[in-house]
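Both complexes below contain chain A, partnered by chain B and then by chain C.
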Partner chain A sequence: MRNLLHDMNPSIKFITVTIAMLGLAFFFNPWTPLLFFFSIIVLQLCCSRMDWKIWSLFMLPFAFGAFGYLWTTIVFAAETGGTVIWSAFGFDVTDEQWALALSLSFRVLAFSSLSLLFALTTDPVRFVMSLMQQLKLSPKLAYGVLVGYQFLPVLKDEFFQIQQAHRLRGAAVEKYWWQRLLGVRRIIIPMLAGAVRKAERAAFAMEARGFTGEPRKEYYQPVSLKLKDFGLASAILTLVIASSIAGAMLSA
Partner chain B sequence: MLNSWKLKEIVLMSLFGVVFGIIYLLFIHLGNIWAGLIGPIAYEWMFGIWFIVSIICMHIIRKPGAAFLPETLAAIIEVMLGNAVGPRLILSGVIQGLGAEAAFAVTRYRHFNIFVFMLAGIGAAVFSFIYGYFVSGYAALDPSFVALMFTLRVLSGAIIAGIGGKYIGDALLATGSLRGYAIAKPAARDANA
Partner chain C sequence: MPMPDSIFSMKDVSFRFPDDVRNTLSSLSFSIVTGERVAISGPSGSGKSTLLYLLNRLYPMNCDGIVEGDIHLFGKRAESYAPGEINHRVATVFQDPDSQFCMPTVEEELAFTLENLNTPAAEMTEQIRRVLESTGLAHLRNAKIQTLSGGMKQRVATACALVMDPEVLLLDEPISHLDPKTAKEFIGWLDRLQKTFGITVIAVEHRLDSWGSFFDREILIDADGAIEADRKFIPHQPFHYPLRLNEVLDEPAISATGLSVKMGGKTLLHPLSLQARRGECIVIAGPNGSGKSTLVKALCGIHKKSSGTVTSNPCGYVPQSPEFLFLTPTVRNELAFSGTSSLLQLQELMDSLRLTHIAAHNPFAVSHGQKRRVAIGAMLADKRHVLFLDEPTSGQDRGALLELFDLIDSRLEKGDTVFIVTHDMEFAAAIADGVLLLKDGRMTGMFPAKRVWEDPALLAVHHLLPPKGAMQHAESPA
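This part shows the complex of A and B:
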């Protein structure tokens, strides 16, 4: 039971999460996204081995973002109908505005919870394998992505190497974060040049070992597609529908 | 579409996707903290950063799809790295890539000069704004505020992605590592680009 979300077919999970998100975008009442946010948390409590510490860490910046939406929508709202419920700093906030603002910021939270559901329960390599096997992503692209993914630690080492080389030659040490951000410019060109050479070598090596990029019928590690994947997908979509109906009723 | 592509071009795109995927994620997190202070408009002026891989790859490879595919691959890699924006990044990557690709398709993949690159940045900005308008519910905001956001995004697309992308591509060409790619073969018809 607690492995359900982890074992779900990644492509089906991806499609479900995307549909759920697009569905939620149609609702402008505060209850629908809020209810959905909590129902996703409940779903994760019973169907996954979520590490809640990591979950909160990822959620934190989005909580900030949601707050930004809240006050932007209040200050720059399109409609000014409804009755004024409170005024501050020279702004009159009407109940309609307040509901809309809450709705958009809860939407940010709902989207983030949905995304974390995907991100924290999906194995990246299995996701790409599944894209290739179920959604017919071209093997050339799929293995290309996997090569890039495997190069990640190498690129990280290279980043530090270039940085150290710059320091060795007496390039100014960046004290502040914004200086470091501008300094990225000096690092990115050698990084990309290195990436070009690595790409060339990797592609030669793949072709030398007989990689043609032709679609296959059989795979070394098949990603299964079972009935329970569809079951879980419809459960998530039911949550979307249920929270939109409940949301519409609560705000009516 | 992929038959005319060499494997090394695809792997190149994917490695660029990794490098820029990390940069994109970095800026999403920066943007989020920033957005807590000044709202969603925080992202607008730096939106061009997210379109840049399309323009760099098209500048180097110059084949149909070289704007759309790297943006999509970068988005897939961003999802593989794990982040809280999640799978919808792939959708926005596809849409931004299509926007940039549209500009090159309109010019029939014949001209690769700064104006076309800026146009591609604008294309990506317009496409992504239409999508963002729907998903983020900009309809709820004051039209003049939305217009300001749109203008900032288009400018950012043209300047950061268009000019910045060309600058990075040219700088890479100067390193001499791009000898096997279309960028290094001066086409007679586009020599003045």
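This part shows the complex of A and C:
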């Protein structure tokens, strides 16, 4: 039960999440995204081994963003109709404004929790393999992404090496953000030079092992597509529909 | 007609890259038969690797190169093979252990190869088990490739090649990124495998002295890409560096007492003390992860030290990839970057490092040896006269090593102090005044160079091989 979301076919999960996001975008009342946000949390509570510490850490910036939306919509909103429900420090907050502000910030929460659901329960390698097997992504592209993924730790290491080297040369003037940005550009150039060489070597190594980019016929670990994947997908979509209906009713 | 058991045969083959005027390979004729162990040697840029890529069909397709003459692979014309077809029979292991893999674990990487060959899924498990067993890598089946050492990665790459059950194994400088001890172990392992599988082995290699008597035959390519010699393989002697005659000055350049480094609650370097004088060359050696880079970075102030004091002339650091240091679009600006040296001093420096003729070039676009000279130049222009070179010998051929030797020797003569992190004890024996041995983040000691070479047990504990031909240095009057 608690592995359900992790074991779900990544392509199906990806499609489901995309549809859910598009669906949510059509509802402008505050209740729909709020209800959906909570139902996603409940879903994760019972169907995943979510590490809630990591989840909260990722959620934190989104929560700030949501609050930012709330605040700016209230303070800087264009004059709208509706009755004034609250006024303080010279601001008059109308009920329409308040509803719009809540709707925007709950949307941020709903979308981000959905993205995190996908990101934190999906193994990137399995995702790419599934895209290739179920959605017929070209193997050239798929293995290209996988090679890139293998290079990430090496690139991270190089980034710090170069940063240290530049600091030693007194090049890292990091007083203003634009200077830091300029500094990053200087670090990226040697990294790119190395990455081009690495990419060519990796391509040769793959080709020498018989990789041609043709669609493959056999898989060692086929990413399965089972009935329960569709079950879970419809569960998520049901949540979208249920929270839309409930949201529409509550705000009517 | 090629001989029936000839695997490769070339008749009057020339090869040219589309943008070049000159042929990279010219008029090659030879054939290789089943079960041979052939070394292809020659200086850098002689087209050795190009030749190898003609044998596994990576060229001419990938570079639009122009081939003249006849290449027969297994008795068939090379052009008649479909893409990928030859790679079932000819497997290749490349030199860089870090860019040969596309999957996270050993098992998945092996499966990638089998999937390329359209092996039925039901047979894959058995084939993977078999190749891991015969290569002695069964314990690594689920290991993450990125966490393995360079030597192990090369073994995994070889296993990935052998899982195809090929008839020929091509090796493209497979040990150039490995330290000598790991390289020796890899060659021993390869020797046993070749005997088990009876496979034909063809290796491109510029440091044949490490290979002992592994090969049967050597094809030597000259700088113009023609065959200079095709002969029975005779074990190569390590090559000799010139003798160093200059004196260490009696002026202290750097001294550290009680230096230690802690990071994230872990002690990377236990307290140690050292000093070095002007004109002195110290080699820092020890197993991977013993704290060599940490020590170097702590001494030149990149890492924060947790305790101790370092009194030193300004320190310069040249990473293994010198281009990590570069900040500007020309060599001249690179040296002038900090504005510490006057124009006259810069000109002198460029003359002494032979950089004047490339002063207007982009530092990213010059040769590797030149990049290192630019990096050292930049450090010296900043008046940093204690130089730390991180792994400058790794992956270098004979000519490059000699050039490096001359470069370091000339800096020592000018009174600079040079620290070198290296596994290459032949190089160390030629250049070092002192050897600093590290193990598990602790300094075993700093020894006079000559004493260390006479103590193989001490070297073995630090995963080092005594320099071949050390006796010659011991006897010489230096």
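Quick notes on this structure:
Basically, the second predicted complex is superposed on the first by the 227 of 252 C-alpha atoms of A that agree within 3 Å, B and C clash if a C-alpha of one lies under 4 Å from a C-alpha of the other, contacts with A are read in each partner's own complex, and residues count from 1 in each chain.
The criterion applied here is as follows: a residue touches a chain if its C-beta (ideal position, glycine included) is under 8 Å from a C-beta of that chain, and two chains touch if they have at least 3 such contacts.
What you are looking at is a predicted structure, and each value in this text was computed from that prediction instead of being measured.
By the document's definition of touching, of the two partners only chain C reaches A:209; chain B does not. Within the superposed three-chain model, A:76 lies in touch with chain B and out of touch with chain C [touch as defined at top].
Within the superposed three-chain model, A:198 lies in touch with chain B and with chain C [touch as defined at top].
In the superposed model, A:189 makes contact with both chain B and chain C. Shared-chain residue A:112: touches chain B; no touch with chain C. Ranked by how many residues of chain A each touches, chain B and chain C are led by B.
Of the two partner chains, chain B is the only one touched by A:140; chain C is not. In the overlay built on the shared chain, the residue A:160 is in contact with neither chain B nor chain C. When the two complexes are overlaid on their common chain A, residue A:52 makes contact with neither chain B nor chain C. The intersection of chain A residues touching chain B with those touching chain C, taken from the two complexes, comprises 125, 147, 151, 189-190, 193, 198-199, 202, 204, 206-207, 211. Every residue of chain C that touches chain A in the complex is listed here, in rising order: 53, 56, 58, 62, 83-84, 87-88, 91-92, 94, 96, 98-104, 108, 111-121, 124-125, 145-146, 157, 160-161, 164, 170, 297, 300-302, 316-317, 319, 321, 323-327, 337-338, 364, 378, 382. For chain B in complex with chain A, the touching residues are 2, 5-8, 10-19, 23, 29, 32-33, 35-42, 56, 69, 73, 76-77, 79-88, 90-91, 134-137, 139-143, 145, 168, 171-172, 175, 177-178, 180. Residue ranges of chain A in contact with chain B, taken from their complex: 14, 17-18, 21-22, 25, 28, 58-59, 61-62, 64-65, 67-69, 71-73, 75-79, 100, 103-104, 107, 111-112, 114-120, 124-125, 127-128, 131, 138, 140-141, 144-145, 147-149, 151-152, 155, 184, 188-193, 195-200, 202-204, 206-207, 211, 213. Those residues of chain A that touch chain C in the complex are listed here as 125, 143, 146-147, 150-151, 153-154, 158, 161-162, 164-171, 186, 189-190, 193-194, 198-199, 201-202, 204-212, 214, 216-222.
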